[in-house]
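There are two complexes below, and they share chain A, which is joined by chain B in the first and by chain C in the second.
Now for the complex of A and B:
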């Protein structure tokens, strides 16, 4: 009966209820919508980072991370391969790479690049390069002289598919190793920086050029589920040869991790801000509803209703208001995020700006359960809390005084 | 006080609790908006200032295609002539010349490909913050022909310290081999990794010899007195160097063109900020709409009486708008005061963000952010609140037009 009573009370003044409902709905909707935008940017940043040759976990020689040169290389490759085969969960992808700074040059231009020697078939499932070749072909495993370059580098060097490109880098004997490669394919990525920075050759070609004698710079691992990173990394660290280091993407990309941490805080604070904005209206509306019915509460009390029941009734009204607002707000939020997810947000008008932040030219909103829950819980719990103020007022009306009011 | 105004004022205080809550909502929105916008503007200023002072200057004069291609052959051929003109422009505070080339730099143990920047030490000191970033050793002196300043991370990677030798090997302007030996004179740290990892500075005169520049440079870097009138200064500089510029196909670029990433990044941040704020203001508007609405619905009978006595609907609407807008204005006034106080406090003390050090460093912000109050940051938020609240108040007020005295009087 209490619930029925409260429900009817909510709709006694439909216009007023509708107005405050709209405030709650817009609030909740904007929280969910904006949270999913922020989350979308972050996920994009994270995915770009992981796909751009980071992977989830890397096994590195000591000091390689600070100083990525051939001197810091992994020679015990057989051991690491055994380790990875034994310890990685099914569905994981891993590959060896040579990854060092080099100079690329042709007749007219030269520029600093990162030379990446890859195992083409494994790498295709591991990083962005597998799906990024837009012209020409991807590397075949035995393609000893082929090289993949980014579109931006190709333009900068004023060259074309099939032309030669010379790479130079310091080899293990401290001499400058150099080799000519033929441009086999051109890749495009979301970030121009990536297109300018990385060039890919097959692993044996890189090893030969740098006189690495079968050694590699790193092993990169992509897990089937990013939640497993810390446990798997822990297991690998335990079992890895003593002089090798295991790094997770969170350590390799501290900037991205810091963004993630900051964004969580920011989303929470913004939810609070929006709540406060609607909270004033909520209190006001419930307060009005209570004061209008002062006589009624007085009568109920005179008839012997206990203050606790009155408190409860008013809170149930608040509960209905909030629940209704939350449900509609959530539905609107989901629908609008879904609609936006069909096209994504096109940032190509400010491409240089998105590049500056390290995000793609088209960003998609991402609905994360934890963001939705955080928004809903914030509104619901705090909403009930602030409705307690008018509810307490109503519970405290004294019958005589209240009945005396018109 | 006219009778209308008196009525409006008294109406507000008929239900003080409700009015105060409504005003609070407005105060909250205004305070928050002032603070957030000041914070955004403040961090943009820091980012721009940092970038301008280590990289671009306010303005640069370059060859037409240099910004796009960064090719050694796109030069400013007679920098001295440009300098003579610049020296006579009062808004130009200082200027310097730079030349850049990509080259291999080797120490005894390591070789890296880096950006080699030729600078005029005594001029550079007035334009950029390079001198103050020296952490070990010394800044270059004008007599020093073979000194080099090396970024901290690059020095670590090359395994060199002050006094060590570096071999530079590159390609000159005419395609010839450019090679020389430099001595590490100082090591600098800007805090921005990319810069500290990938560049060395050397004296411009030596650079010009080694890279066969024949007296040419790539950039004439100009600092003005303030960023506020940048467009005017740019125009002035352009007017003054136009003849020279046309002759050698030079262009004048400002920092927005030199660092489009930073500029568009700021625009993106600003736009996304505005979207957030707009939602907030709309929520506030609906939050207070009920107050305005109730103030009218409760008093239907009263309006009936007033209309029966000859008050025109227009006058009623005026009184009602006066009532709601007075509340808004009180809220906005108090919000501005609170916003200024809150922001002012942090403007002095700065705000630290836990775990954000690296992010801030990437954008050139030291460990604290200082919000910056300005006319713009103080007025934009409250103005938006005012406009949206006005339209919110208009809806209930206009309802009065449809009121008929007889019906209204019959209203319970």
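Now for the complex of A and C:
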């Protein structure tokens, strides 16, 4: 009976109810929509970071992380290989890399790049490069003179597929090691920085050029599930030979990790701000509805209705308002996120700025269950709490007071 | 054929044996020309004073450089003027390069990252200096034409880099006179467009042999920019002591 009564009360003034419903709907919709956008940025940031040659876990020579030069290399490759085969969960992908700074030059231009020597087959499943070659072809494992460069580097060097690129870097004997490569393929990525920075050759070619004698710079590991990172990294660290260092992506990309932590807090604060705006509207509406019906409440009181019942009645009205708004808001939120996910948000216009943060040119919104639940719970619980105020007011009216007002 | 009669005779025998080898014989001559030109240019050892003028559309700067060279690999330069830069030096030895700045009293070994940068702001890159002799080792040469210059025959030599050679140029062209004087060197990119070129002129007898006293390096796609080297003094000597091409000599040039 209470519920029916409350439902009818809600629709006694349809215009007012519609207005407050719209407020709730817009609030919930904006929470869900904006949270999914922020989450999209974050996921993008994290995925870009991991795919851009970070992986989930890296095994590095001591001091390599501080100073990624050829002097800090892993010599005991056989041991690391054995360790990785033994310790990694099934479904993991790992590969060895040579990764040092180098200078690329052709007849007209030269520029600093990061030379990455890769095992092409394994690397294809490990990092972005496997699916990024847009023209030409990917490296074959025995392609000793092939090199993959980014589209941006190709443009900057005014060169084309099949042309020569000379790489120079310091070798293990502290001499200048240099080698000519042929541009075999061109890759495109979301970030122009990546296209300009990284050039890929096969591992043996890089080792030969730098006189590394079979040594590598790093081992990168991609796990089947990112939740396992910390436990696997712990196991590897215990079993790792000598002083080799095991790093997780959270340590390798501290900025991304900090963003992830900050974003949860940011989302909560945003929800709160939206709610405060919405909450005042809600209180005001319910309060007005209550004052309007003062005589009615006085009558109910005079007939012997207990204050608790009146409180309950008004709260149920608030509950209806909130539930209705939440349902519609959620549906609207899902629909708009879905619509946006078809195309993504094109940030090309502000590419320079977004790249600074390592965000892609096109960002897709991501709906996370915890964000939706947090938004809904915030609105629902706090909404009920604020409607308790007018409800309490209503419960306190005495029949005499009510008669005194018209 | 044209230069070395013994080479010609051998060539002739070879041609008689196999006509198709004519091209190969020509290449050998081209190799000799290039190597002869380099030997002639550097001498066994030389001591020179050179004025280097870097010209740009809106400014010009002149430096005086004292240079010692020995063979194809070793050279040391020190600046005499302007006074602001006096004592700055460059040492080239076995394909490596060091620079000395007296103001900070430091010798630095040039890292790979600086090898493609300009040497002292000129149109010569550090690579041009340290790798000049790679023309002998990393290229195959071919005579593609002849010209006349001051009554002497000039060979136009096309030099293509060997496939794996770590050189940035797509092609070099040289004009070498029959007396081994190099008149012009052109640098092309892989699309065979001219990138920069160096002209040698004002050929004078100096210390018993003819030598071009003015060298000008220009970039092909700019006008009004060049670097000119004027030899003020030049002497060819039999040998120079080892101690001249050391890091301590870089700090105390000429001692």
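In this text, the second predicted complex is superposed on the first by the 402 of 406 C-alpha atoms of A that agree within 3 Å, B and C clash if a C-alpha of one lies under 4 Å from a C-alpha of the other, contacts with A are read in each partner's own complex, and residues count from 1 in each chain.
Quick note on the criterion: contacts are C-beta pairs under 8 Å (C-beta built on N, C-alpha and C of every residue); 3 or more make two chains touch, one makes a residue touch a chain.
Since this is a predicted model, take the numbers as computed values, not measurements.
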> Following superposition onto chain A, is the placement of chain B relative to chain C best described as a clash or a fit?
Replying inline: clash
>> Once chain A of both complexes is superposed, is A:145 in touch with chain B (first), chain C (second), both, or neither?
In response: second
> Does chain B (first) or chain C (second) touch A:180, or do both, or does neither?
Replying inline: second
>> I'd like to know which partner A:164 touches here: chain B for first, chain C for second, both or neither.
In response: second
> Who wins on chain A residues touched, chain B or chain C?
Replying inline: B
>> With both complexes overlaid on chain A, does A:22 touch chain B (first), chain C (second), both or neither?
In response: first
> What is the contact status of A:322 with respect to chain B (first) and chain C (second): first, second, both, or neither?
Replying inline: neither
> Can A:103 be said to touch chain B (first), chain C (second), both, or neither?
Replying inline: both
> Of the two partner chains, chain B (first) and chain C (second), which one does A:112 touch, if any: first, second, both, or neither?
Replying inline: both
> Which stretch of chain B would you flag for clashing with chain C, going by 3-11, 165-173 or 219-227?
Replying inline: 165-173
>> Counting contacts the way the document defines them, which residues of chain A are shared by the two interfaces, the one with chain B and the one with chain C?
In response: 101-103, 110, 112, 168-170, 176
>> Please output the residues of chain C touching chain A within their complex, sorted ascending.
In response: 95-96, 111-113, 115-116, 161, 163-170, 187-190, 195
> Which residues of chain A touch chain B in the complex?
Replying inline: 15-16, 19-20, 22-23, 26-27, 30, 34, 37, 66-67, 69, 101-103, 109-112, 156, 168-170, 174, 176, 254-255, 258-259, 261-262, 270, 273-274, 276-285, 287-288, 347, 350-357
> Which positions of chain A touch chain C when the two form their complex?
Replying inline: 101-103, 105-108, 110, 112, 145, 159, 163-164, 166-170, 175-176, 178-180
> Tell me, which parts of chain B touch chain A in their complex?
Replying inline: 17-18, 21-22, 24-25, 28-29, 32, 69, 71, 102, 104, 109-114, 156-157, 170-171, 198, 260-268, 272, 275-276, 279-280, 282-284, 286-291, 293-294, 297, 353, 355-359, 362
